[in-house]
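Remarks on the structure that follows.
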Amino acid sequence: MTTTTTPDKQGIGTRFLSLARTDAHVTRLVVILLALLVMFAAIRPGNFANSYTWISMAVSFPEFGLMALGVMVCMVTGGIDLSVVGIANLSSIIAAMVMLALAPGGSGTAIGAAIAIALVVGALAGILNGILVAVVKIPAILATLGTLELFIGISIVLTAGSPISGLPPEYSALMAARLGGVLPMQFVVFLVAVALVALIMGRTTFGTKIYMLGTNATSAKFSGLNSVSLLIRTYLFSGILSAMAGLVMLANYNSAKADYGVVYTLLTVLIVVLGGVNPNGGSGRLIGVVLAIVILQILSSGLNLFPEISNFYRDLIWGGVLLLVIATSEITARNPFKRKQKEVS
Amino acid sequence: DPGDADTGAPADGGGGGYTIAIVPKDSTNPWFVRMETGVKKYAEEHSDLEVFQRGPAETDATQQAQVIRDLIAQQVDAIGVVPVDPGALEPVLKEAMDAGIVVVTHEGASQENTMYDIEAFNNTDYGAFIMDNLAEAMGEEGVYTTMVGHVTNASHNEWADGGVARAQEAYPNLTLLEENPRVESQDDGETAYQRAKELLTAYPDLKGIMGTSSFDAPGVARAIEELGLQGEVFTAGTGMPADNKEILEKGLVHALTLWDPADAGYAMAELARLILEGEEIGNGVDLGVPGYEDMQFAEGSDKVLEGAGWIVINADNVDDFGF
Amino acid sequence: MAEENVIAVRGLTKSFAGVKALDGIDLEIRAGEIHCLAGENGSGKSTLIKIISGVYQPDSGTIEMGGRVHHKLTPIEAIGNGVQVIYQDFSVFPNLTVMENLALTTELADKRRLVNWRRFRKIAEEAVSKINFKVDLDAVVGDLSVADKQLVAISRALMSDTKLIIMDEPTTALTNKEVEALFRVILDLQSRGIAIMFVSHKLGEVFEISERFTILRNGKQVITTVPDELNEKKFAEYMTGRDFEETAFTGDDSIGEPVLEASGLTLGNAFSDVSFTLHKGEILGITGLLGSGRTELALSLFGVFPAESGTIRVGGEQVRINSIADAIGHGIAYVPEDRLTEGLALERSIGDNIIISEIDRLSGPLNLADKRKQREAVDRWVSELKIATRNPNNPVNTLSGGNQQRVVLAKWLATEPDVLILNGPTVGVDIGSKAEIHRILTELAAAGMGIIVISDDIGELKQTCGRVLLLKEGRIDGEVDPRTQTEEELSDMITGGPLEVGTN
Amino acid sequence: MKPFLQKLLRSNEFYLLLVILVVAAVIEVRSGQFFTANNIVNLANAMVVPGLFAVGTYMVLVSGGIDVSFPALASLAVYAVTSALVDNSWAGGLWLPFLLVVALGAILGAFNGAFAARLAVPTLIITLGTANVFKGIMQGALGSVQIPTLPPSMAEFGRANLFVATNPTSGLTSSMPVSFLLLVAVVAVAFFVMRYTMFGRGVYAIGGDEVSAVRAGFKVRRIKFWLYVMAGVIAAIAGLVRTSMMGQMHPTNLLGMEIMVIAAVVLGGTAITGGTGSLTGVMLGTLLIVMVQNSMILIGVPTYWQRVALGVLIIVGTGISAVQLTRRRKRNRIVAA
């Protein structure tokens, strides 16, 4: 992950070779990433060598990176969360309102309270998603589509559609800070989230359980797993990650608005599937998703280096990369009669 | 200082000259496609400079900030922005200025982190003028409402507010439909058409719809024609001549208003060059395109430069523009 | 006399990513013969079937049918040559009606492009009448009982020009009664000159009906012969390749105090007023026809469908079991009927499958997984149950039936239950694994666990159980000591005397 | 009679119809405008494009797949054709644009189909990829911009109407577009294909159990391939209709419709896991969504509350059928997660 800030191919190479062995899909992503970096370095050495290039990327991708992590954990259970953007904006709007209400001039406590409340809002929104999916048993793709509309709707009602700005300077200052002079705060937040996800998915019983649930919900049920509580906790987790994204956006734009980053909804899904998470649930690794996030960021920032190439080629390239990856993954290991998991919606 | 700024100029940058990037709200909207023609024209006239337009794929504040961040990373010398949402761009534009990049904006009167903001006019007056058009068509009496692209679109709402304010002070017989003072077209001609039909079904005495987004008036016009209300219900708004030739000539729309985005693009680039070359920017500065030869500071501001207003297009002059 | 062969395969070989599933198989099926294909789990039976029916292509070898030599087949070609397969999982369409399930294959074989619903109904009516199977043709197959699903699959196979019907473990899901009915169908088909090839792990029935056997071991053809050449012992040796001992029931009757007492349990139309007591160290059999409520009873003891009335006592004190969690909490474990969908997460590792029900106890603070404890638990059960795997991190679907079943068992033993309920514990498991599983059950009982075995495999009941409860239409219809009864007496008790085909 | 009644009470369509009637009643009460000739026509008009998309989506969902690429596919097909014809100032009949759009739709659909038929990857991933590719080609390679004036034949087609409904009280006139016939035709064809051809039954079979479909002798790959081709053609036709009726080509006009259409189809009782679904339900589901989207003002929902209302509708609508399903499972004691 440090690749984005220290573009040192030696390091990357050795670091990923070990990883590559463990997972064919990860290998493919690593190859793509390396190819990208080489091209970048060859065509635009000036920018490649310029640390600001990497720092600015590290500022940009945490917004949707955090949301993608949320989508990932839901997809592992065989679900999906289309409402991440809605949750992010709703929680950042409420956080902004709280800051302005408590101390327009800004104060440590006000900011602390605002952050806390944003996370609570995210958690509540996630719980609502979880209940709709686990208890009412609405297919996740529809339940979270509904709540996406709902959350954006509520945000519009709260703000009459206009942005909430004029936040206390301390807050954006907090985020504008650079850890050790280099690492942007947004990036640090993202790293924390990644660590959190790695811990929860890989090191806790909860993680093992939701992978089980995603693989075969019926056998999970017969093994005594409480799918309702598991799913609610999963979407809650996604909600909190989205709220973190909201807080990052609040800083990046020094304002909150109902429709910031609506384009992230499909982007996050794209990232997660590109990262190798199976929409039918049960499989998918964090490292893959993180690689996908970095790849897409480098792609779009790289494209902006070429004014003569329209930004619309970004979609073309993203789609192409996705198709390429799945095509190659099929060739390496195919099982035409692979039954698709259908238990969880 | 320029010398330093140059090191970052793209490898294929034009002969050590300045690099000036213009960042529109998005790139399919015909509005900004037109703006790019102005930018290209400027680039041709100044071969020593690297001047280009670079917009986000969608009209989205986060995407626009992303583009600007990448431009800063490329160490361009100047950035001219048409902000999707001025508030949202403050931090990234501040970064740009801290990095020694010249920043100018257009349609961003409220922008703080900019050196100068060019307004073809002031938003409130522009809205007022659209209202004047509508009022004239409506015979200065009747019920009207306003349509915006999105309730979240800052300038659309400012224009609409300006129009409403104008109606209140100047047209005592115009009344705003208070059950539904503002509807959304979602910057979509089809939605504008559907909403208009619904409005006219729900409120039989509705006589005028003030459009703002360039999709509004054409969509509303479609509804008026289909519902057989031609000559009874009226609309006005912003629009490009070519896109609205038909409805203007049919008389479905009395008049549309615009300023030529190409000129705005050209003017931004010129202003950026003047600043880069250390010229004094003051009242009367000439940005080299009609309507921008004699820019004046808005009163009480030393940032917002206002130009000589807008163009009205109607059935008679719609063919005279060539765009 | 190759003419009278409906099919002859020569030197068939097939391997999957290294695994040699089939290795030089030569086999002839004659018109009107009943040919049994036997072998342990993973010996290649299903693969051979899938090749003959055109689902898989062989790596080498030929298939002669309809007077032509094929190097590979498509499903349609196979069907065109009169080959019909009744798969282990029946391969019916759960979302479609009985009528459509019955008619589609015929219509496809006739290369129809359009659907004529009247013709569909005619085809369906004919099909069911052939085995006089009474069913609502407009019912959705997904809602049918397992037995009816299979009867649908069988009727579907009886097309006008069928020459060979292959049944992959047709009896795994059937009760004795239904097996008898099925055998009548098979004999009837035979009399019409249709050849039958079937796969089974149940030796009894194999001997009852087969005219010739082919036995596979690790993809190789061990022998093809006639019954008189074999007795059950030799048969088993051919299959397993080792000297084989049938274990008879050894569990003594020195049972301890009650662990599970059910009284007056009732659940809607599933079962009513069921009372029984299970003691420590006892293996209690529960048997009855499919639909007699035995599975529902087990599921309600396990909290899946809580009983509407009646009381349950565990270790003497009354408890409420309204959820699976409750059941597990009270030390009740359940090994489900269908391990593939209810018992295992096939793509997850063997290890995770073993510890999943136990995982909370194998965790540290903040329910952080304790990898060391987990590892120890896994290793322990893999070795105790002799699960054949090099690496417990491999996914479960790399194991064959028998071993998969042991994984399910291990999962529940890991929770150290007081009461272990097994539903069809050895369905589709070969004799080797079967004996092993029976041995394990007996040991567990000896160690003081209370065990309920739900089964209609009479041999199994005789070998393992001290007492057997008969369940009929949701009510307990008597209790027997299997050792005092012959298999025939037992099966008559279950089915309520000899029966007519298709009266179910 | 009785079994029929039971069946009715079980059917998702029945409850959907109830919901629609309730919503209609609400609109009528709040505005007195619902059951007016021209409002009905307005709804029919608004339903054409979503309705067409819904048909294709329904077919794909039944096969157990899911297609999110159709708006991008339609936009690309129609944009390419329109701009080509405009550049060559085509003044001829509608047959050419129609033919070209259908052909292009088929080709792009085949692109989806090739992947879906060959790869065991969930089709959501595939179509996410192709959607981006299609969009990228249109906006990047073709550098799409708004096209103000269409070829005359398309413009006429867009304006042509079957009849004009007049509201006696308000005198408002709404015209029923000719394209509504297209919707009817496509629904009719789709109904025939799905119910009366082995291809259609194959689609259901694949959605029910793909392995069994292979064993039964269905040419699963071929069926999937042609399924996506058909979906592509239908989507392209929908795109042509929208463009013609707007009288202008707005390249991005359709983008982002996918999720709402899928919601409508699932609302109509088509299982998102495949195998079940009826065109009646699909049309009812689409009608419900279109009705609500186009009646917010009539009901008097303030603009700021409209998205909340839409969200609630989706949640409640899908919630009802979800609860139905769970109930049924319980009744039949089907063990499910």
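A, B, C and D are the chain letters, set down in written order, and residue numbers restart from 1 in every chain.
We adopt the following convention: a contact is a pair of C-beta atoms (placed from the backbone, for glycine too) under 8 Å apart; a residue touches a chain by one contact, two chains touch by 3 or more.
Predicted model, so just to flag it, every value in this text is computed and none were measured.
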Shared chain contacts [chain B and chain D, defined touch]: A
Farthest-lying chain, centroid of Cα atoms versus that of chain C: B
A-B against A-D, pair bridged by the larger set of C-beta contacts: A-D
Distance between the centres, which are taken as Cα means, of chain C and chain B, whole angstrom: 72
Gap in Å, rounded to a whole number, between the CA centres of chain D and chain A: 30
Where chain C and chain D are represented by their mean Cα positions, the distance between them in whole Å: 44
Contacts with two or more other chains, residues of chain A listed in rising order: 156, 160-161, 218, 220-221, 310-312, 314-315
Chain B residues counted as touching two or more neighbouring chains: 27, 57, 151
Per-residue multi-chain contacts in chain D, two or more chains: 139, 211, 214, 304, 306, 335
Full enumeration of touching chain pairs: A-B, A-C, A-D, B-D, C-D
Contact set on chain D toward chain C in their complex: 195-201, 204-205, 207-209, 211-218, 275-276, 332-333, 335
Complex interface listing, chain C residues touching chain D: 53, 55, 74-76, 79, 85, 87, 91-96, 100, 104-105, 107-109, 112-115, 143, 270, 296, 299, 304-305, 342
Touching residues on chain A, where the partner in the complex is chain D: 82, 132, 136-139, 141-143, 145-154, 156-157, 160-161, 213, 217-218, 220-221, 227, 266, 269-270, 273, 278-280, 310-320, 322-323, 326-327, 329-330, 334-340, 342-345
Interface residues, chain A side, partner chain B - complex: 44-47, 50, 52-53, 56, 59-60, 63, 156, 160-163, 165, 172, 176, 249, 251-255, 257-264, 300-301, 304-305, 307-308, 310-312, 314-315
Chain D residues within the chain A interface of the complex: 64, 115, 118-122, 124-126, 128-141, 143, 210-211, 214, 259, 262-263, 266, 272-274, 304-315, 318-319, 322-323, 325-326, 335-337
